[in-house]
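Letters A, B and C mark the chains in the order given here, with residues in each chain numbered from 1 onward.
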């Protein structure tokens, strides 16, 4: 494998399609040679962005292919992948995550059986999560919200804020031990860019950069990776959000 | 069944999955215990929101599961469900509705056969719809537009406004007898939130509240239900639209 | 066939469904009689809009049906359809395009076999594309960007702009010979409307009108066609973008 020009097999962990359509040719020449081969963002982090994009796009075969590739390459292990499904559910909704979860479990079982192993999945370790009392979760959620978003948490006056954002999203999911905050940043930025609601896009892109969890050169690569997998229209919105956030932080 | 903690079977009308992944655990602890179990929004209205979200998300299994659950629980009858498919088509487009229609018909046939009935579907009663003359439809559409949106109808200068909005969407669909205007409000608000076009989101959220068809506490529950099923990014956009509309109406 | 009231078979190239649900009835009365039958936009251009909408919506059956209809009607030939898949990939992302590519290839093979032909697809002619050197592509991309968008190209400071927008999207795809720029306008306007990122929506709608590649009456028809297939929420956003662009150009 030439590191500058990774072949299809090195990224996708399978043989390339044997076609010469415009789409298939561009897949090699643009997607692989000009996107995946770039320095500046690790292959693992490109996988987070890509998995988010294909999961949101509902295209069955690409979801199966990228889940298989991520697991069989060893870039993402099964516990991390299952945590990803939950984080993805938060930002892209339960229905798409439910499909993804099924794909992950089947892909994993297949790989394990092929390797002569049982494929049993250990239950996730939640011991670091602390007291599950709702007040404690709310208090932790308020703190985590501030740590992640770098602004004050909103008052828990509505069900969305109380039962959703503060006690579940930040009071639980973001604190789970299976993925680092940096992992969650990549997944979240890609998710809000795919959804393209302007306010979450602006806030998560901004806080990812302001916290230093994602550097500006890495964010630039995220923009390109996402443009390829979710289209240049959504890519342009993320590009603008990233540029504006960066200007705001450095003026 | 504990009313505060509905079990999976009471909502989904089937056995829960036997897994302990982060996703499956959160499905019980967040989705069921903290969302579906809340007072403030009827189970039937939670179903409208949820069916809209899963229909828009294209995830095959969740669509099938929620259609089955809505019909077999008796919360939504077959005539209402078929009207829902048409209303959904208007706001989420024909292709997704076409898939949904097939799922509804298959789920219904299966339930009817299991009950030893023929599964015949009576043609919808359109007798209340009045004269189908285009001028009459336009006149009715102008009035219905105003009744629903609480603003003047736009001039029918473009095909979108004339053939689309005034003679079809408001001149026909919103007036069909199979669903109440209140039913259509829940479906519409969820649809525009899933699509997240800012102007329709603002206008439909605002008019649902201003008309009193959806109360503020109900809208708050819609925001949470939608955040769970379409993700917190879209949920945040709906939350903001609802808060802004409420402030505008009460300042 | 009555030209004002095309039957289902003339558009879809297959028998209509034999159902009388609200959805199926509206499909004939609204979609066919009031949308597809309108003058002002050719059937071929309605197909570009429709194919983009169904491709973005991930509804399997409608994708298959519309691809089949476009190819078997002769409105779009196989080389054009394969170019469409690549252009679609750029604006709607690789995963959806990958699914679409498979559908196209299967539909084509089926039609060819039924006609007693081999179904071989000739490799696309790229001879007009010129030197593939990256600097040459960048230079061509800068010029094509200006020709298409009618504004200066951005500086290639980020991977998104350099490796994405300038050397790939405008330095290659828009210049490919298989589709005219006008074809690409219809596909692009529909794509950005489906994605509904506000800035690409505004810029592509504006430049399509300003260049004269799409006339205002044609754009009006695109808005209606897209509203039907991707829903009136996205339709409203496109309608506003088109009206605002038109006002801006003519004040």
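Points worth noting:
The rule is simple: a residue touches a chain if its C-beta (ideal position, glycine included) is under 8 Å from a C-beta of that chain, and two chains touch if they have at least 3 such contacts.
Here is each chain with its UniProt name: A, B, C = Carboxymuconolactone decarboxylase family protein.
Quick caveat, the model's predicted, so the values are computed rather than measured.
Because chain B and chain C carry the same sequence, their contact can be compared by residue number, and under half of the numbers here are used by both. Chain A and chain B carry the same sequence, and matching their CA atoms takes a turn of 120 degrees, rounded to a multiple of 5.
Separating the CA-averaged centres of chain B and chain C is a span of 29 Å.
Residue positions 58, 196, 198 of chain C are each in touch with at least two other chains.
Contact residues on chain A toward chain B in their complex (touch as defined above): 58, 82-83, 85-86, 89-99, 101-102, 105, 121, 123-124, 158-161, 163-165, 167-169, 172-173, 176, 178, 191-192, 195-201. Against chain B, in their complex, chain C makes its touches with residues 19-24, 26-27, 30-31, 34-35, 38, 40, 53-54, 57-63, 196, 198, 220-221, 223-224, 227-237, 239-240, 243.
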